[in-house]
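Each of the next two complexes has subunit A plus one other chain: subunit B in the first, subunit C in the second.
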Partner chain A sequence: MSTADLRDTDAEGWVCVTCGTALERRSVDITYMASVFKVELPRCPKCGFTLIPPELALGRMLEAEKILEDK
Partner chain B sequence: MNGFYSGRSNEHSTESVCPVCLATLPAKLMRRREDSEEIVLLCRVCPQHGVFEEVVWRGEPALAQWHRPKSPASNLSRQTAAGKGCPRDCGRCPGHAQHACTVLLEITQSCNLRCPVCFADAGNGDPRHVPLDLLLEQLAWIREQAGPVVLQLSGGEPMLHPRLPELVEAACRLFPAVQLNTNGIALAGETGKGAAFAESLARTGLSWVFLQFDGTKDEIFTALRGRPLLRQKLQAVANCKAAGLPVVLVPTVVRGVNDQDLGALLRLALSLAPAVRGVHLQPMTRSGRNAFADDGATLTLPEVLAELCVQSGGMVKKEHAAPPGCEHERCSFHCRYFLTRKGELVPLRESSACCGPVAGTADFPSGHEADAAGRESLGRTCCPMPPRSSCCAASGDREDVERAVDVILRSWRGDAGSTADCECAGLNDFDRFIAEARAQSFSLTCMAFQDARTVDLERLRGCCVHVFSPPARLIPFCSYNLTSTEGVPLYRKKRV
Partner chain C sequence: MEQGLLHDFEARCTQEEAPSCQSMCPLHVEVRPFVKFMAEGNFPEARKILDRLMPLSGVLGFLCDGPCTAHCRRNTVDGAVNLPMLERACAELSAFVKPMSMPGSGRKAAVVGSGLSGLSAAFELAKKGYEITLFHAGAPGGRLLSLPTKQLPRNALPDALEMLERLRVTFAELPVFSSGRLESALADFPAVYVGLDDEAVQSSEYGTALLEGGLPDPLTLAARGTDVFAGGLPADAGPSFILEAADGKKGAASVDRVVKGVPAASAREKEAVYLSTLYTDVSSAAGNPAVIPADPAAPTAAEAVAEAGRCLQCRCLECVKHCPYLARYKGYPKRYAREFYNNLSIVHGQRKANTQINSCAECGLCAVLCPYDADMGAFCADVRREMVRDKRMPPRHHEFALQDMEFSNSAEVAFFRLEPGRSECGWAFFPGCQVPASRPEQTEAAYAHLRHALPGGVGFFFSCCGAPARWSGRPALTASTAAALREQWTINGKPVLIVACSSCLAFFQAELPGIPARSLWETLAEFPLPDAAGPAGRTLALHDPCTARHAAPMQENVRKLLAAVGQEVEELALSGKQTRCCGYGGLAAYADRETGDLYSLSRAGDTRNTLLSYCVVCRDRLRAAGKPSLHLFDLLFPREDAGQAALRPPPGISARQETRLSFRRSLLQRLWHEPPVRNPLMDEILLRIDDAVAEKMEMRRILRDDVKAVLLYAGEHGAMFSNAASGRSLACLRPRQVTFWVEYSREEDGPYRIHDAYCHRMVVPGVPGEGAPSPCTVEGYAVKGGRM
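Take a look at the complex of A and B:
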């Protein structure tokens, strides 16, 4: 399974509000209805908090969700 | 939960009609065992015509495992008042519980076949086409009353209508999808006429062709359509493919005629994918011209599924089938797949995979890995069964129906003519998944229409496939086609 870059998601400038740690781009597994999608997203190296940008949540992630969902 | 579904009771009260006089009667679904199989009978007594018992479900999955409750639709437009009682107030009356996801518009009574099984009783030499001006008014009314549904143009044979391209163009401006229900003979026309017709329809924006396609042998077409048609059907598919028009194969399934050809038909459909987007099976009903015989030729949903499982060599499994979220749960099943490059079907989800906690995970097979990962990979290891009754229940509200329309579009329109781009460098898993799903999805669906012997008014009230009936009615499909065993229709005009 290759991990591809979600280039429009920049980690720079984001800080985890719980840990006070700068977010880093990390490979993240997003699971929905038993399918796993690997993407690189800004993630807190300490607690694992992950930033999902609105354009992903309301764009490709939503479309994938609709495909997997049932009539 | 209803005791019938939980297994605490072997009876469920509903309503039906007398098959002879169509009088509304109280009825019961009765669970029995017959030859080690579970069967469900629809039982009622007509004071005038006696006792009627019809098998409406046979085998696995048992009805107790086939439950998808829905709340009645709110904000549903009503065109008729309650008065005579179900099913005589159709149009839609205040008792109807579901929006339409699909509306049928019959644009002609003319047909170039005279099929012995025609529920519309079309092709009786009636040359009438509905004038384009009137059809445009009807389209606008349907859009206003039913909302953004899938519009099905039907007949008769709609391709005989001389203004069809203009009509499709107008319909495409109003509806998210326009489906053409056709026998395909015009699409297979000689000397390039069929190809030209397909190209002209593709230019109108037609979403997909719903192609009558009963099997892989000419004798099947001869039995059901009156003449051998396999070569023409294949030519019609080829012409649609060349024009970029998606095709759904629609067989009428009849016990003893083509019920043993379903595996071969599925393999043929897969060989024609992705131009062919799916197979939509319709067990024969006794309506219209075909109302009279009572020979047990109608298969129930589990029987069709069982035949598919056996005849596909295990490619189709019972667990792949799910009850519908739009029409009534006892009216259909659907299986949604990815088609791998090796021609294998990988289920997009299994019916047991509900929205509950995930017990394990599996990677989505991306790019070149798709074939190798195959069956081990997609959407499998979810929760066993129960939460479906709550978490997947549909409300019947407009947004649920819009979601159903969206699923239909994704399944049948897809991205015909293209194949998934496996050179996905630079794309993430979401992009890859979406691209493959668009190009390589394949649906296997079955709709059990009802007739005077099998009609269950509970199912009828949950119907989401409506027929436009002039001047201003939307009638559930099975009600519109209901015909007594003496040949008397409830709604369709009697034609001799």
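Take a look at the complex of A and C:
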């Protein structure tokens, strides 16, 4: 699946508390209903903890979920 | 789904049937659009509709004697719509439009006789691109030639003949129809239509010979062999132009089939007149008597417009008129059933009807309103079960409702106790999961009242009945939920259940018919009222819950109770068997909040009075729709603030779950002296959530307990993000098929201030709980204990 409709949103200022590290944009494979999306997301470069901002969760992610559930 | 199921349903819904005027019109003229344009004074458009099925409307438009009018639905009100008059007006007030003929097909056929049937046959075939030779004797027109101009305007016939010529009809005059001459002339043609309404043909040697073998076949008009068709003979009641034209058209269709090598009798259903099954409610057709034109031979435009306005535009839509869900998608059950059936068979691509299928309330109103008992709700239930079976049910629609059910049935919430101090009980009170969640004090009061009234002991059975499993199309979950209820009932001595909620009662009757269960209202009606019971200070409109639709005794008992408290009641137009749903039925509001709101809003709009229901979910949904609303408990077991009861806001999803927990704790403590089981971890987290955030959580179906679980997990594992600029933290957890995110900060005095909470269902690597088996690992949260 493409990444076109799920680009990341800003997550400036957040730090991973476990590692004390600032987040970096990394390509992450997120999955749902047997589909895989490559998305650039703010992620802790050390432990991999990934941040999903509200606009993404409630916007394009929700849309994609609905489409996939109706597939 | 088996196609037979679809066809059974389709056969019930008659909305697509023609109105009876059209079914009884020998040409099946599309009456509704024709009359609609006439009513708008748009004569050219009306003419186009007429021309679609009526051959030579410039002639026949003046001559139809209207066999349809005897079947017009308006007959039973104040007289049929005068369609012959409208056709006459249309023919006079609009121009003859030359039909678009197909390019010459190279096909040929012959017509014998120039009466209206022969001319009609020639017209129909010429329109299809045939080269027609029309054999006639004398001036063409047959009986039409002798009509007074009052009946048929002078130009009508010449105009029609001229148009036929332009459509490449060759008029071949034969001095006599001697058999031999005609036969040899016809030898060149693959098929022939003979119009016997032309006197010259009927009385000829050829015509007589044709009828020697008997009358033409009524279906195809085949008169001799497979290539000669004949029609236009007068009916018993005498000659009729419309029947002659219809014969010409029918004969033309036979000729066309034969020339193309198709059997003349194939695919001719519904060509003849038939009685339509279309139901139309005429009860509100106000007195609007027929327009009598000053000059019947020449109705004016104004007269035609007025008469056309009398047409009821017959249609059924009985169910659609009263179901906001059916109305919302702009169709009607037959069409929806087809769409749902197709939706089931989609393999690749979007199943666009999923949300629609899941937002029917399965309330049964349509089946009651439909003259043919079509039950859209039952059909949707079938479709849902099939979606679940095929693993095509979108998870998001029912997940929250099912999780809520699981919570109510978990060991933390559900319990069964015999009446304190007794070792057996003849009865048990089953309030369901929603009544205690919304009316806990009154549930307790009702239980006290029952214990007082009923000898033989009344146990208490707190659990969800399992209706959500059934509504969501999950037979296995429904069965296991029912089995667990049966087990508890058996262990506790098989008491008669006294059920407060009509949905629970309906569930028991459908899934657990062996368990004796009766309505709380029936029981209460048998005893003196509680001392505190009293009327509200105003008239209340009574809303029967849709799950009590077929529970007539329950409805009666509620009315008895209301009479006993001296309550003045407004009976709504749609009540009892015809009551409407609040939007909770079928989990409709979970699948589609907007449709859910349409149900409650339309019910709220049915009255100006405060509503009263005996289902607490109805009450709370109607209140959420902005309507002051009461539950029957508010009259029978009023609280101290009874005056405000109608305005009390409905509890949200978190409050409902928390109230179930606290209700259980306090009831067990007070009546059975069981110490409260506390849940230290979850109980001790204090949240501060302002209204705006609480509202968002409600809309996103995020519970306060979900938030607490995120905080607990983050606290324990340190998995969170922090933001130095805002001083806030952000943590998440995926305890089930949903990942919850919480943005929060710590208040000086300890509690957590929640700034936002949101969720998604996609799986993101690196999120705690992802991949972990549901239920989650946070102690004390969600469903971990299994069933009670």
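Methods note: the second predicted complex is superposed on the first by the 59 of 71 C-alpha atoms of A that agree within 3 Å, B and C clash if a C-alpha of one lies under 4 Å from a C-alpha of the other, contacts with A are read in each partner's own complex, and residues count from 1 in each chain.
Definition applied: a residue touches a chain if its C-beta (ideal position, glycine included) is under 8 Å from a C-beta of that chain, and two chains touch if they have at least 3 such contacts.
None of these values were measured; they are calculated from a predicted model.
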For this session: With the two complexes superposed on chain A, say which partner A:T31 touches: subunit B (first), subunit C (second), both, or neither.
Result: both
Exercise. Between subunit B (first) and subunit C (second), which does A:R43 come into contact with in this model arrangement: first, second, both, or neither?
Worked result: second
Exercise. Can A:E63 be said to touch subunit B (first), subunit C (second), both, or neither?
Worked result: first
For this session: Report the partner of subunit A that touches more of its residues: subunit B or subunit C.
Result: C
Seminar exercise, completed: subunit A residues contacting subunit B in one complex and subunit C in the other 29, 31, 37, 56, 61, 64, 66-67, 69-71
Seminar exercise, completed: Interface with subunit A, subunit B side, in the complex: residues 322, 324-326, 334, 336, 348-349, 353, 355, 358, 360-364, 366-367, 369, 378-382, 392, 403-404, 406-408, 410, 424-434, 437, 441
Exercise. Which subunit C residues qualify as touching subunit A in the complex?
Worked result: 349-352, 354-355, 394-396, 700, 718-726, 729-730, 732, 739, 741, 743, 756, 758-767
Exercise. Hey, which residues of subunit A end up touching subunit C in the complex?
Worked result: 13-18, 23, 28-32, 37, 41, 43-44, 47-52, 54, 56-58, 61-62, 64-67, 69-71
Problem set entry | Touch list for subunit A against partner subunit B, complex | 1-2, 4-6, 29, 31, 33-40, 56, 60-61, 63-64, 66-71
